[in-house]
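Have a look at these structures, which come just after this line.
In what follows, subunit A forms one complex with subunit B and a second complex with subunit C.
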Partner chain A sequence: MKRNIAMVALPAAAAAAAALLADDFVLRFLAEILLFGIAVMSLDILIGFGGLMSLGHAALFGGAAYAAAIAARQWGGDVALVLGSGIATGMVLAALMGVVVLRSGHLFLLILTLLMGQMVWEVAFHWREVTGGADGLRGLPALSLGPWTLSTARALFLLAALLAAVAFVVGRSFVAAPIGRALVGTREEPIRMAALGYSLFAVRFRALVLAGALAGAAGALFPFVNLYVGPQSVHWTQSAAMVIMLVIGGIGSLWGAFIGSAVYLGIQTYLSAYTDRWQLCVGLVFVLTVLLLPNGIASGLRILRDRLRRRGA
Partner chain B sequence: MPDFLGYAAIQTLNALSFSALLLLNGLGLSVVLSLMNFVNLAHGSFFLMGSYVAIFWLGTGAPWWLAFPAAFLAAGLAGALLERFPFRHFYARPHLMQVLLTYGLSLIFADLMRWGIGAQILLPELPGALQGVVFILDMPFPVFRLFLIAAGVALGLLLWLLLDRTIWGAVLRAAVTDRGIVETLGIDTRRVFTVVLVLSAGLGGLSGALGAGMLAAYPGLDEEVLLLALVTVVVGGLGSFGGTVAGALVVGFALTFSKVWFPEFANLAAFAALALLLLLRPAGLVAPPLRRL
Partner chain C sequence: MTAILELRGVGKRFGAFSALRDVAFDVGERETVGLIGPNGAGKTTLFNVITGFLRPDEGSIRLAGQSIDGMAPAQRVARGLARTFQTAMVFPGLTARENIAMAVRQHAGDGLRWFGGARAASAAAEIAVRLLGDAGLAHRAETPLRDMSHGERRIVDALMSLALSPRLLLLDEPTAGLTRAESDRLLGILRRNHADTALLLVAHDIDIVFGHCDRVVVMELGRVIGSGTPAEVREDAEVRRAYLGSTGG
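Our next item is the complex of A and B:
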């Protein structure tokens, strides 16, 4: 019980402190971390729990971002409309992806999700009348919730924090629910699960659609925090970046996803201010993470905590 | 009517020359995937490296035909070094880790090449024998692309003989099927792996050298080529020479003709067609019999 209260109180206190103390730049940056954290967490449900290795997750996130931006330019920035169009787009893209990729084995899954993601990128890059092509979309209306306008960095940050909290609860409920346990089962013992009468496709498909909804919700807010959405956000390099955030945070840990996105985006933001060879640094981050920290920060912290406990006992 | 025939012939030859390139490049990727179960996303870097080596070789005025072996050797050497560290330690790791490692390496190589060579688009100075056009049914067609088709067919045949008709190829195919049994026969499969990775990287470099005359060389080409190689391998199916040939032909024709019919959305149309194909045959065109335990 004490632990549950701490789990709610600590992030809430941190968010409130950030909202009161941080300046606009930091708040927008934190909101971006939270949104990417949600997307990475949804990817964790696929990779960490389902063993479904996807390299096309940015297509769900970025596709939803485009849909939300286009909807907002057309009909105004009502939060319900923006989130609804993002979530719907994320789910539809995930379902389409699922129909094609979930019939193949592990290795093909990786390559096919990459290809499906690139198909979304081709649309975003070439359909200039709607997506703005290489220039992307700018000049978005401010988000609004009923009579209030959510245009300040603080309001956007609080909205992102709220969304992250809801997404975390949804993610946690999903992995704790029977469907989540079945998903782990399909990863560990696919043949036994099939023999028990589970449809591997149905279980995995539902997980993928849920991940699409979560990534879509995060993607929907992304253009408003960033004031821009471009084809880079659906490119498979962005998917790879999400996977490395997941690895940095720790595969299989839902809260690790937020740590991973904070670390990666922090490195990105602060290093790119110092060096032109930014791509080289990203490559080094990938290689060093895989070589030195393959289990991520979350599992490192867990090991540390267990050690401290043992010493205390 | 002869106009239409000529046009169709030219586009078919275009598709064939592109398929030849895809075959050589995809074969390298496919062999490493099926033998070592290793996803090498740095394969495109070998291609681009081969392109640059060939362009500089052709620029120096040395005998032109040596540019291709030079690209093979340079990329093969890079492959040999990478195999020692870090690839060798990743053969048994999950695919996800292999993907992240090799993707990170490909970013590093891409940036190093951009740093050293610059971001401009480079074209090779082709020797006189490969320049110009020939007329096929009254339509002009570049000689170089005919050379590409010939090289693709010749090298493809050579590789097929090597893999299918020699004892070396037999060892390799046996190791794909069951590594443990090959080990008990007293063959060091680790050495086989090294040779295969060098061959794969070399093939990547060689196809880059050949491709430079058709696609030019520029930063970002490595990634485009990698995607095409992955599509080729997936469409064809893993683990067989015939599969890669079929994949290269299908992808080559799909991309060439979708460029004719939907110039703006060529890649999308081609990828969508290939995704449909994979819906019908999830394991690729030529799927080896699957053993499920």
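Our next item is the complex of A and C:
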């Protein structure tokens, strides 16, 4: 019980403090971390819990970002419309991906998700009239929630924080439920799962569609935080970046996704001001994590917490 | 006697090699049938064909009077067919309780549940703990399978299949690598729980097969070369030559 209160109170207090103290640039940056964190967390459900390695996750996130931006330009920035179109797009793309890739072995899974992702990129890059082609889409209307306009960095940050909290609760409830345990079963011993009467496809398809919904929700807000969406957001290198964030943060922990996205985007944002070689730094952090903390920073923090507790007791 | 399983003319080739040729026999409801034969006789291949993990090249298979040809493994399980594997096939990273609960939930139709899943999960966990308790493994409920002994893993493996309350359970050498005491315990658990379940049991240990089975089917080189009660099979000249003779029986 005490732990549950702390789990709600700590992030809520951190979000409130950030909203009060941070400047606009930092707030937008934090919102971006949270949105990528949600997408990486949904990728963790696939990779960490299902053992389903995907290199096409940015297509779900970025595809939803385009859909939300296009819908907002057409019909205005109502939050429900924006989130709804992003979630729907993420789910539809994930379902299409699932039908194509989930019957194949694991090496093909990697390549097929990559190819599917690149097909989305092709559409984003070449369908100029709708997606703006290489220039992407700018000049989006402000988000609105009923009578309120959510255009300030603070409002966008709080919206992203709320979405992250909801997404985290949804993700946790999924992995704790029978369907999430079945997903772990398909990772541990798929043949046994089939012999117990589970349809591997049904289990994995559900996980993929859920991941699409979460990544889609995060992607929907991204253009409004970033004030822009371009083809880079659906490119396979963006998918690879999400996998790197996941490994740094910690596969299989859900909340590690947010740490991984903070570390990666922190290096990208603050180091790229000084050097073009920020990716070298990401690589270094990646290698160090893999060598020193094979289960990511999340596992390191967990070990630290247990030590402190033991000392306290 | 009504048959739960009917095999007719089942054949399976791997390239030019015939692993199964014209296999035909029945297993009756609630019957315990032993399946014996030397290494490479095709026993495991036959299990894979019956359970849908391999597609036969010829023949037909009926379960409880209905054809199951072409069905996926999961569909066959839904019709009451369960199996174990020659090497214990469990979820090594999950606890014994969670291993069995995975089977219980699927059997209860809650395997893919999300909403309202907490109640289904705790009900399944309760049943799993009870099954473990019946098998004398209550104290191991929270132990991950990778930390359990070979014998304990075999018992959990069998309990997973029993949790499906199958009408027919195929057991591929469930006692291999177990001590005598462990084998007896495992067979005791199966016997106690299989009042309504027919068993098709592969075992190399002749004492186990002749001691526990109502009927015995003997295979060699992909073919059935004899079948009958344990006493009849013991007297069969061809069986003696092919199998029992070679083990000194």
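Everything below uses one rule, namely that the second predicted complex is superposed on the first by the 287 of 313 C-alpha atoms of A that agree within 3 Å, B and C clash if a C-alpha of one lies under 4 Å from a C-alpha of the other, contacts with A are read in each partner's own complex, and residues count from 1 in each chain.
Here is the rule we go by: a contact is a pair of C-beta atoms (placed from the backbone, for glycine too) under 8 Å apart; a residue touches a chain by one contact, two chains touch by 3 or more.
These numbers come from a predicted model, not from an experiment.
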| item | value |
| --- | --- |
| Partner chain in contact with A:E189 - subunit B first, subunit C second, else both or neither | second |
| Which superposed partner A:A177 touches (first subunit B, second subunit C, both, neither) | second |
| Partner chain(s) touched by A:R206 [first = subunit B, second = subunit C, both, neither] | second |
| First, second, both or neither for A:G197, with subunit B first and subunit C second | second |
| First (subunit B), second (subunit C), both or neither touched by A:M53 | first |
| Which of subunit B and subunit C A:L114 touches, first, second, both or neither | first |
| Contact residues common to both interfaces of subunit A (with subunit B and with subunit C) | 191 |
| Parts of subunit B lying in touch with subunit A, wherever the complex brings them together | 33, 37, 39, 86, 93, 95-97, 99-101, 103-112, 114-115, 227, 230-231, 233-234, 238, 264-265, 267-268, 271-272, 274-275, 278-279, 282-283, 292 |
| Contact footprint of subunit B on subunit A as seen in their complex | 47, 53, 55, 99-100, 103-108, 110-112, 114-116, 118-119, 122-123, 126, 191, 240, 243-244, 247, 277, 279-280, 282-287, 289-291, 294 |
| Contact set on subunit C toward subunit A in their complex | 51, 53, 72-74, 77-78, 82-83, 85, 89-94, 98, 101-103, 105-107, 110-115, 117-118, 120-121, 124, 160, 164 |
| Contact footprint of subunit C on subunit A as seen in their complex | 173-174, 176-182, 184-185, 188-189, 191-199, 202-203, 206 |
